[in-house]
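Pasting the structures here.
Here chain A shows up in two complexes: once beside chain B, once beside chain C.
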Partner chain A sequence: MSENPTPEIIEPVAPAPKVRAGKISSRHIEHYVAPLAETPLQSVDKVDETAEPLSMWAQAWRSLRIQPLFIISALLIILVILVAVFPGLFAKADPTFCKLDFARQGPSAGHPLGYTFQGCDIYARVIYGAKASVLVGLFTTIAVLIVGGTFGALAGYYGGWLDAVLARITDIFFALPLILGAIIIMQLPAFRENKSIWTVIITLAIFGWPQMARITRGAVIEAKSADYVMASRSLGLSKFKTLVKHVVPNSLAPIIVIATISLGIYIVAEATLSFLGLGLPPSIMSWGNDIANAQISLRNNPAILMWPALALSVTVLSFIMLGDAVRDALDPKSRKG
Partner chain B sequence: MSKLLKGPSVNRPSDEDRPLLEIRDLAITFSTPEGPVHAVRNGRLTVMPGETVAIVGESGSGKSTTALAAIGLLPGNGKVTGGQIIFDGEDITHPTEERIVALRGSSIGMVPQDPMSNLNPVWKIGFQVKETLKANGLAGNNSKERVAQVLAEAGLPDAATRAGQYPHEFSGGMRQRALIAIGLACRPRLLIADEPTSALDVTVQQQILDHLDTMTSELGTAVVLITHDLGLAAERAEKIVVMYKGQVVESGPALEILRNPVHPYTQRLVAAAPSLASKRLQSQPTEVAEEINAVVKVEHEIVDEDILQVKDLTKVFKIRRGLGRSDDFTAVDNVSFSVKRGTTTAIVGESGSGKSTVAQMVLNLLKPTSGSITFDGQVMTDRTENQLFKFRRRVQPIFQDPYGSLDPMYSIFRTIEEPLRIHGIGDAKSRQSRVKELLEHVSMPSSTMHRFPNELSGGQRQRIAIARALALKPEVIICDEAVSALDVLVQAQILNLLNKLQEELNLTYLFITHDLAVVRQIADDVCVMEHGRIVEHSTTDEVFNNPQSEYTKNLLRAIPGATLML
Partner chain C sequence: MITFTLKRILQLIPVFFGATLLVYFLVFATPGDPIAALSGGKPMSPAVADALRAQYNLDQPFWVQYFLYLKNLVSFDLGQTFSGQQVSDVIARAMPVTARLAVMALAIEAVFGVIFGVFAGLKKGKLFDSTVLVASLLVIAVPTFVLGFVLQFVVGVKLSWAKPTVSSGAPWGDLILPAVVLGLVSLAYVIRLTRTSIIENKSADYVRTATAKGLSRRRVVVVHILRNSLIPVVTFLGADLGSLMGGAIVTEGIFNVPGIGNLLYQAILKGESATVVAVVSVLVLVFVIANLVVDLLYAWLDPRIRLV
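The block that comes next holds the complex of A and B.
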């Protein structure tokens, strides 16, 4: 780099009294006027009446429905739900009809995926196992939304001691690993003796709501400082009604995204608990139970384990993909205004 | 001002008659998911050495885009699709990356718009200035002194110490000075200043522009000043270029454009510029309105009483300073004023003067620490819920940010209907006709009611906010910077609307603003606030023609272009 040039010092002229009469150039400046035909004058701030009115949700739906990610995940989810509701339409074989004669046999006519260690039809079991997973995922999400959403909204909106208490409670739950916590709860006598889908849902909801509460709280805090909330308050709307009518609807976007993604995660959690023998009782067909039972034949017949595991992965993946697609559509930064 | 350093660039031989920057038939296109958008067409601009040229236009007119193209800083999806940009005889329409980087800083400097976000918060100010010097090979051995000198030139007091501070320790005006120092650090021959003072208070704006003027004229720097304010442009530039919808509609000598605008758009702009207007708006009442008006006038003269009286109002905020300790901050200090029915009282002040806090207390959204507010003869402090609910019907606010004051989930119909529903007025059918009537009041087509706020422009949203405020037939409307966020023409339109509504409905306005120019157009009485206190309270004419306090005089002097139309 070259040596810094020695700066030349200019003595500033004594500051002339500022006459702010505009500057007049000594040069000739052309006065150009564009022909009016080129830029026709439009009336100031006219309302565009031609476009179809669209609400925010309608706009989000428009951008969502053309996204490949959304189309694929939505089709998969519809398929999973159909399978869960009408398993009989998809599998003719009886999943509970198991004959040791067929144990570990390969695919045959009418039994495309072969048989388990116990001689049950794998295809039928995968189809009938969907119901438990979808039910657990759906009801856990609903429970988490109700509990976490309510607490989060109230804490975020009213603040103060309610917020402080909630923050500490969620901290405690965050410090407990889900699986460890679930093992303990599922070992409680009341739960151990009444193992069913509902005990799993309750356990997962206990550990799921704090996350939802935090997300809701954040969204509500952001929405409550908006001017339209102040406008409604000064119209005379009560504080609680403002929360219900303005703040909550405007906080929904991140909540919907998290709920969709969590639904997939709860399905995995159920399968994990069932795999560990803590979740659904063996009498209920579920992917987690089937994966656990297939463990022993993993080395000789990995296919027995692979099929329920594949069904589980595809289901969870499609919910997470849906969540991503919805997030893109609802992201306020990607939308104008 | 201290001694100025003369940089190497000024010594370069240059032809006085050759334009420094010439833009011919520039076309810029942005590719968006909805197809190409032609942001600029027929951009034409000539900047002679040492000349100040102002580009004036409303938001979205393409004024910033044109200037950014000259230093190759168009956003990723923008492209120059036609025309030529010539800098000092060199064609830089499609420059190589290397060449444009070499030009930036040393030949073409830039002062960005927003002082709050354009300094990196994790580096000291001095470091950020040094960065610029280094990038252009001017740091040398005595870089520390050089940095201090550059900052001192930009009018930053105690520059050597200040250079060791972080941006958050600077006020908005000081940050803008630092940005100007960075822009001019390498003695560029052309400085592009993109709305350099739009985010600042008028008095600070005046100081900074004065300083920029002195510096650039001493250094012989040409300036392209981008602004939305025609008065400011006319005062600071030799030449004005007016842009509208991506096209240059008129350009020429500043004063001539101001006094003899030829293009209809420029004429409109000159007519609407608040800083150039000199008197209170008078609307032409229609015949019906005149009848109502006559009736109201009679009533008005009989009950010429104060509808709102504020006495010794004080608000102290506690600012937490860690555990258990807190400092008192007096935002509003012993403020008293009164508002007569059917008139407009403006509260003017710069940011932090406490004017919005007064508005919130009058609206009963914030509890005063002491003092009283009397509305229509009733003291408002310690009101019951029920009284408060009735009060809400009679006093309504309009807020500053048109993008924030409407619930994005509510259709326009629901938004305007909400107050009627809350107060249980009418049935579904009568409410619908009332909404239609209100939309008509604010000159919006009734088909708007099926739309949503995100489909409307800022000015249109502000009209909806006005319609909502009017729904309950209030007597007092409190406008908190209600037109500050709008473009000049839209602002003029809204002010006219407010004025028309006042005459038709005998409304009383409490108008909170930082802009004295707007005050002259709308207010009958003015309170000037400084640091939480009222320093002057008088009629508008009195304040403008015969200001008493030094602060008011400063504010008046700072209105750009105020003296140019005479």
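The block that comes next holds the complex of A and C.
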């Protein structure tokens, strides 16, 4: 990826207004730089000509790593992933050990958030519930990237009938909103009787891929008219190899941003489906199921609903913030302002 | 203009047929016997099952079924619910309620979304802008049903500023709180979209020209910057009307609104396929028409776009 010079790097040097001999040069040619006393200082002098050229990603990383929004969201995401993978490290109590004696009791030693309506430890359930949400978000995003990304890239790059077919298919899918479509699929006998994390992932992916296909298609169309694509073709690289080696890497930016944000949206969608009783089965611990179960005790014990909802919202928020920060970092225009 | 409208309507026809075909296929032709689902999994006499199959045309090949369904759809014969009511009557009762709810939500989105978006965009990087940005992210991150519960509990029960559930007939006043909940997520998107669009346009050459020739700040903002920034916002709002009506499932459930979403949810739980397909077809139609209206609005917002 980093070998590909992107237009952004060349830009600051190329359109210099007044060209003086020896003033503007590539790094490889020996040149005479007049001492300051001889020539007035110009903006060109600011360019550090000995520096290594930075790829778009390296530039983005430079501005990202000092951004508080990025640091916070990245740390939160790492924490959520750790909690999802090693829940036992964070909670000592057994989330499936529920005793009605403890029902709706407040916090006590070793049980910092108190107990649910069924007498289960809220803190342990919040910790163990992370896995389902993270799995659904992650795998739905991967599936959407594979299907939507491939279809979108091929349609945008080759155009023609493939593009026309994709446009019609995405039109049709856009007429059915994500939640509505997911509800229809989840109520099918085949899905309703085999509820699991995977049926939720498949359902969300079926209605999520058209958006990714559109974004990819747009990004690929924008990238394919660039000069380096024509250069690569003129040098004899086949059309498909050009797509894989040059066009796709250069159109990744918007795709990554949308994928990160969508990951959060899919987690919300899973919770909504579980809330409606059509998502994950009750046997799987998830924030959506716990929120749905907490409804009945909302008026007297809002804390039971609040904690899983808070965990869910913070997770989703960190993914959306990450996407937002990456978008700003990848957009040179917004960086300047 | 007329040619354009006709052309767009022609383009919408495949979308409508495609979407209804998809839903019809999902509901009627996927593995699992819909007739067995009708009896709630209990054994059913073969004679009754055959009669039901014939009634829903399930003994015909799939394409014949779909064709017969379309034929009925065109003549507004949407079939019957399990309790023997005409589906078209049930939809006609629920539709106005959801339409009111969705229009109110859309109005809240459009008015507050554009106002907040414009001020945030004009004062990019200032306190107001950052506050609005963080608040909008928060709203997107919190699931609608949690927002619904919390607002219902705080505004409806604790403060009693509004009725926690909607009374029968669903008058406008009762629908304000559900409409706010329904529109809140999209409101966040409208704010962000307007803000980005305003930031992009406010440094355009024509804005400098407008300021240079001595126009007041208000006129520059409203007529020049805002009007040119509205196209992506209007596109979003148009597409959103469809999602609002579909997304009303959750909101209508929480606030007990007797609308389309509630109808659809109950039908799904009961396995009333005729109602499910009919309601979804209506929703697709609304989405398709809303998009047509958006396309026609483009020409008014930007005279450079000619509708041919």
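FYI, the second predicted complex is superposed on the first by the 281 of 337 C-alpha atoms of A that agree within 3 Å, B and C clash if a C-alpha of one lies under 4 Å from a C-alpha of the other, contacts with A are read in each partner's own complex, and residues count from 1 in each chain.
In this section, a residue touches a chain if its C-beta (ideal position, glycine included) is under 8 Å from a C-beta of that chain, and two chains touch if they have at least 3 such contacts.
Nothing here was measured: the structure is a model prediction, and the numbers come from that model.
Using the contact criterion defined above for the overlaid structures, shared-chain residue A:250 touches chain B, although it does not reach chain C. Of the two partner chains placed by superposition, A:66 touches none, neither chain B nor chain C. Within the superposed three-chain model, A:227 lies in touch with chain B and out of touch with chain C [touch as defined at top].
Annotation for chain A, partner touching more residues between chain B and chain C: B.
In the three-chain superposition model, chain A touches both chain B and chain C at residues 337. Of all the residues in chain C, the ones that touch chain A in their complex are 14-16, 18-19, 22-23, 26-27, 30-34, 37, 124-125, 137-138, 140-146, 149, 153, 157, 199, 239, 242-243, 246-247, 249-250, 253, 264-265, 268-269, 271, 276, 280, 283-284, 287-288.
Within the complex formed with chain C, the chain A residues making contact are 168-169, 171-177, 179-180, 183-185, 187-190, 193, 264-265, 268, 271-272, 275-278, 288, 291, 295, 298-299, 302, 305, 309, 312-314, 316-317, 320-321, 324, 337. Touching chain B in their complex are the following residues of chain A: 1-5, 7-13, 15, 18, 20-25, 27, 29-34, 36, 38-39, 41-42, 44-45, 47-49, 51, 53-56, 59, 226-228, 230-237, 246, 249-250, 335-337.
Across the interface of their complex, chain A is touched by residues 1-8, 42, 44, 48, 51-52, 137-142, 146, 210, 214, 218, 234-239, 244-245, 247-258, 262-265, 268, 363-365, 388-389, 392-393, 395-397, 399-401, 403-411, 418-419, 422-423, 444-445, 447-448, 450-457, 459-460, 465, 468, 472, 489-490, 493, 563-564 of chain B.
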